[in-house]
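In the two complexes that follow, chain A is the common piece, with chain B as its partner first and chain C second.
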Partner chain A sequence: MHKDNEKMKSEIIRRSGVNPSKCMRCGKCSGTCPAYDEMEYHPHQFVYMVESGDIEPLLSSESLYKCLSCFACVDRCPRGVEPAKLVEAVRLSVIRQQGANHLTANDIPEMLDPDLPQQAIVSAFRKYTK
Partner chain B sequence: MQRIGVFVCWCGTNIAGTVDVAAVSEALKSEPGVVFSTNYQYMCSQAGQDIIKDAVKEHNLTGIVVCSCSPRMHEATFRKTAAAAGLNPYMVEIANIREQCSWVHKDMLTGTEKAIILGKAAVAKVNLNTPLTPGESPVTKRALVIGGGIAGIQTALDIADAGFPVDIVEKNPTIGGKMAQLDKTFPTLDCAACILTPKMVDVAQHENIRIFSYSEVEEIGGFVGNFDVKIKKKARFVKEDICTGCGACVEKCPMKKIPNEFNLGMDNRRAVYIPFAQAVPKVATIDPSACNMLKSGKCGICSKVCTAGAIDYKQKDELIEEKYGAIVVATGFNPISMDKFDEFAYNQSRDVITSLEFERLTNAAGPTQGKLLRPSDLEHPHTIVFVQCVGSRCDACAEKGKEYCSKICCMYTAKHAMLVRDKYPDTEVYVFYIDVRTPGKNFDEFYRRAVEEYGVRYIKGMVGKITPEGDKLKVQASDLLADKQLHIDADLVVLAAAIEPDKTARPLATMLTASMDTNDFFTEAHPKLRPVESPTAGVFLSGTCQGPKDIPETVSQASAAAAKVIGLLVKDKLTGNPCIASPNELMCNGCSSCERVCPYGAITYIDKEFPQPDRTVAVRRVAQVNPAVCQGCGACTVACMSGAMDLRGFMSSQIIAEVDAICK
Partner chain C sequence: MKVSYFPGCTLKNKAVILDTYARKCAEVLGVTLEEIENWQCCGGVFTTSKDEVATKLSSVRALKYAQDRNQPLVSVCSACHNVIKQTNHAIQTDAEFSDKVNRYIAPESPYTGDTQVYHYLELLRDVVGFDKVKEKVVNPLGGRKIAPYYGCLLLRPNTVMQMDDPENPQIFEDLIRALGGEPVAYSMRNECCGGYVTMENPEFAKSKSKAVTDNATAFGAECIVTACPLCKYNLDKNGNSVPVVYFTELLAEALGVKEDETNA
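Up next is the complex of A and B:
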C-alpha cells in the first residue's frame, strides 16, 4: 500500500473506531441500505476501499452525502463492522479539510418542516457539521 | 540420601536455541544429591531413554530429573523409562525448560539462568520424593448414553454389539432426535426416516440395550469405571409395558389444539400423543399441561377407549439408580431462536420459516403431507428465497448470533433448493450466500448440480431486510458480483438458522465436571488426537454436542466414541493415580473443612479409636480419603487448617523445598 494511502487509512480507522478487516464480505450492509440506488459507492465498497487504502475516490464522491446515516448497516452487520461510522469518518475528513461547517444550529429553525423526522435533523448535523 | 541423575534435553533447537544446555547440566552437577548430569539432543528418543537407563544402572540412581518439555508431553514417557530401569516411576521429576522457559525467552543468558533455577527446584523436590504405588479400582461393565439421536443410537448399537449392556436416556418420548425430523439427506438424497428407523428398531430389539425415554439424568456421582447415576423417568401416564401403540386414545382425545413439537408447531397434536408413526418406543404419552383429566379430573376418555388398560393417571415420576463404567454424551443441537433477527420478519410472517421447518414442510409425514405449501394460505409458493448464514459467523460481540460456522447449512440449503426445482420446476429459487462451504465427499459436486442441472440461482450477497406486504414478502438484498441491490417479491423465505448445543448440555456438563467452550460445546481431551474423549476420565463425546457436524461425521464420531468406551469396559481393573490426598490422622482435628471443599466427594469422616499413653483409648473424628475417588486436585490440603492433609507426590514439604531452591 502506498504510504499516503496507509496514512489516510489509519487516520480514518482511528477517527471511526472501526476495524474494516473484521468484514467477511457478506454484503448485508448494502442489502439493507435504503439509499443504495442513490450512491455511487455502496456501504460494502466503503468498507473494502478503506481496508485497501483506496480512499481518494471516496473523498470526492457524492455518496458521502447520500448516506442517510440511518445506521441500518451498523445495526445489521453480522460482524459488528459499523460501515456508517466509516462513511462518517471519511465525510468528516472532507469537511475538516475545507475548514468550515456547512450548517449551524441557528440555521435549523427555518429549515424545519413538521413532517421532518427527528432522525433527519440529527443526520443533517452528522453530515454537514464538524 | 538420594542419588539423582539430571538429564537435560536440547529438543533440537527448541530448547538449545535459547538455553545453554551444557551450562545447565554443568550447574546442576553440584546440587545436593546429584551424582550424574548430562545433556542430549532428544531425551525422548530411544537413544535418549537408553542414556537414562544406562545411567540408572551405572550410577545406582534413586531419582531422576529430566529438564525438557512440559510434563503433559513426556512425563509418562520418562516414568516408563524409569520403570524399565527398575526405578519407581514416581521418582521422576520434569523441569519444564521448554514451554515455560526457552519458548518464552529470547535471550540466551536469561533463558539459561531460568533453566538452571527450574532444574534446581526439581532436584530439591526429588530429594524428598518417595516411591508411590497406584491403587486399582474395578470397572462396572455397563455404559450410559445420554441422548437418543443418531449419535446416541450409533454409539449404543456399537457398544451393545461388542457385548456390553448400554442404557440410552432420551428426554423426549421417542428416540430418533433431529434426524427423524429430516426429509432427505445430502448428498445421496436417501430419505432420512428410511435409513434411521431401521436403526431405531435395532436399538429397541437389542438384548443389550435399554431405552429410558421421556427421562432425564438427575445426578451423577462416582468416577471413571464407577459412575453412580440417578435417572428421572418422567410420568407419561401410560404404562409403557402394556401400551400397544394402537393410537385409539390419540384418536379420541378431545384436546386437539396442542402445538405439535415434532412438526415445530406447524400443526397440532392431541393431549395424548405418539410423536410419529415409527416412534421408539411406540407408546403414547399424556402431556400433563394439556390433559383435562390431569388438570381438572374431567375427561378420562383415553382410559375408556384403551382396550389394553394402559392409561394410568396416577403414575408418578420414577427415580432409577444405576452404576456405569462409562458415560457418553450425545445431547445434540437445536437451531437458534430467530426472535432477535427482526430484519428477516420471522415473527411477522408465517411464510418466513427456518430450514428445519422447511424439512417438515416437504416431508410426507409432515403438516402438508409433503406438498410444498406455504404456511399462511396453503398456496404453492412460486418464488422461494433461501438465506444462508443466519446467525452463523457473527462477531463475538454481536448478541444475536454465534461466532462459528454451523457447517451443515450450505449443504442442506443446496439440497432444499435442488429438491424444490426437481419437484416444482415452475418455482424460482434464489440462494443468497456469503461463501459456499462444501468440503466433504461428493459435496461440492452436489452443490454444482443444484446450480448447473437444476437451475438454482446462487447470488453472492446477503439479504438486508424482508418486509411482508400483502401476500408477498418483499426481499431486499445485495448482489455483490453484479454490484446491484435486488428487490425480489418472494412467496416463501427459508432462513438457514445457526445451530447451537441443546440447552440440557450445560447442566449436564456441571454434573459430569466435564469442560465446555464458551459456546456450550463440550471440549475434547485433545482437539486433534483425542477428539471423542472429554478431559474428564470416563466421559466420551458423540455427535454435535462437541461441535457442528453433519450425519456422516456424527456417525463416525459416534462409532469412535463407542470404540473408546469398549476399550475401557473390557478392562477388569483400572489403575488409579497415586498422587492423591492422604491425611495424617494424628494431626487431623476433625473440622470437616476438607470434606466441604472436595469437588469429588472423596472425603468422609469416621470415628476412630486411638490408644493413649495411659493405655486408655480415645475416640476422635478423623478424615478419610477414598483413593479411588480422589483426583489429586489438592483443594483439601489448602483448606486443612491443622496441616494434616497432604498430597502424595506433591507434599507441602516438597513444594516448599522447590520454592526454597528457586529463591536461594
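Up next is the complex of A and C:
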C-alpha cells in the first residue's frame, strides 16, 4: 500500500474506532441501508475501500452526504464493524478542510419550508459543515 | 419526584406541544420536569468520531447539571435523547474523550458519566410504571388503532441506547395499551424516515417516509405516534394523509389534560 494511503487509512481507523478487517463481506450493511439507492459507494464498499487504503475516491463522492445516520448498519452487522462510523470519519476528512463545507448558511433560505423543524437544520449542519 | 429536563431547540418552536404536554402529564404522574438553566442545543445528531469534542460539550454540560442536583436527566425529543445518551456513554467508555471534555469544561469535580439518562418513555415505564399510568387514565383511547413509529434514534445504536429490543421493541405498544388504544403491528416501525436529508433531497425523504406510512395504514392504522419532530415532519409531508401525532398528545388526551391546553 502506498505510504499516503497507509497514512490516510490509519487516520480514518483512529478517528472512527472501527476495525474494517473484522468485516466478513456479508453485505448486510448495504442490504439494510435506507440510502443504498442514492449511493455511488455503498456501506460494504466503504468498509472494503478503507481496509485496502483506497480512500481517495470516497473523498470526492456524494455518497458521504447520503448517509442518514440511522445506525441500521451499525446494529445489524453480525461482526460489529459499524460502517456508519467509517462514513462519518471520511466525511470529516473532507469538511474539516478550509472551504470544503457541503452546506453553508446561504444555502438554507431556499430549503426552508414553514413546517420544517429546527432539528432538521441543526442536524444537517452538524453532518455537512464545520 | 423532580428530574432535570432538557427540552431542546425544536420543542421550543415547531414542537411546542411535545414539550407542554410532557410537562403537564408528568405533573399528573407525580414527576416535575425542572428545565435545565441555559441549556444549549444538542446538535441534532451525535458525531461518532472520537476526535470530535466541542460538538458534544452541550450534552456534557446538561449531564453535569443533572449530576450536581443528583437528578436523572430526561428528554422527550428522540434526537436530544440519542445525542445525550451517546455522549454519556462516550464519557463512560473512552478515557481520552472524558479527559478532553473535562479539560474544556473544567468543572469543580470531573464529570465521569454517572448521570442516569432517560427518555420520557423510559421515565414512564421504569420510574412511574405503565400500571400507574393506566390508573391515571380518565379518557381511555377507546381501542383506537395506533401505529407506533420508533424510527432510528430511540433504539439505535442498541449497545448504547438500551431502551428496548431494537428489532422488536414494545415500549410504545405497552404505553398505547395502558392508554386504552390498540397498537398496530407493522414491519416498518423501526426504519428510517429520511431524516435531515429532507433538506437537500425532499423527494428521497418522502420515498422513505411514504413506505412507513403506507405500511402502517395497510395494517389498519388510524394514526401514527412518534416522539421525534423530524420523523413527524417527514411522515406528514409524504402524501399519505394518516394523522401523525406526538405520543405526549395521546398521553395528555388519556390523562384528561389535553382540553385544558386547548382552552388556555
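We take it that the second predicted complex is superposed on the first by the 101 of 130 C-alpha atoms of A that agree within 3 Å, B and C clash if a C-alpha of one lies under 4 Å from a C-alpha of the other, contacts with A are read in each partner's own complex, and residues count from 1 in each chain.
Going forward, a residue touches a chain if its C-beta (ideal position, glycine included) is under 8 Å from a C-beta of that chain, and two chains touch if they have at least 3 such contacts.
These numbers were taken from a predicted model, which means no experiment stands behind them.
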Practice item. Applying the touch criterion given at the start, work out whether A:Y36 contacts chain B, chain C, both or neither, answering first, second, both or neither. Key: first
Exercise for review: Give one of first, second, both or neither to describe whether A:A89 is in contact with chain B, with chain C, with both, or with none.
Suggested key: second
Review point. Thinking of the overlay built on chain A, is A:M1 touched by chain B (first), by chain C (second), by both, or by neither?
Key: neither
Exercise for review: Decide which partner touches more residues of chain A, taking chain B and chain C as the two options.
Suggested key: C
Practice item. For A:L59, decide between first (touching chain B), second (touching chain C), both and neither. Key: neither
Practice item. Mind working out whether A:Q119 is in touch with chain B, chain C, both or neither, as first, second, both or neither? Key: second
**Study point:** Set intersection of chain A contacts, chain C complex versus chain B complex
**Key:** 72
Check your understanding: Any idea which chain C residues touch chain A in the complex?
Key -> 8-10, 13-15, 41, 43-52, 55, 77, 79, 151-152, 155-158, 166, 191-192, 194-201, 204, 208, 228-230, 232-233, 236-237
Exercise for review: Could you please specify the touching residues of chain A with respect to chain C in the complex?
Suggested key: 14-17, 34-35, 38, 65-66, 68-72, 74-75, 82, 84-85, 88-89, 92, 103, 111, 115-127
Practice item. Mind listing the chain A positions that touch chain B in their complex? Key: 22, 24-33, 36-37, 42, 44, 72, 76-81
Study note, to complete from the structure: Counting only contacts in the complex, chain B reaches chain A at residues 343, 389, 393-395, 397-398, 401, 434, 460-465, 476-478, 480, 483, 485
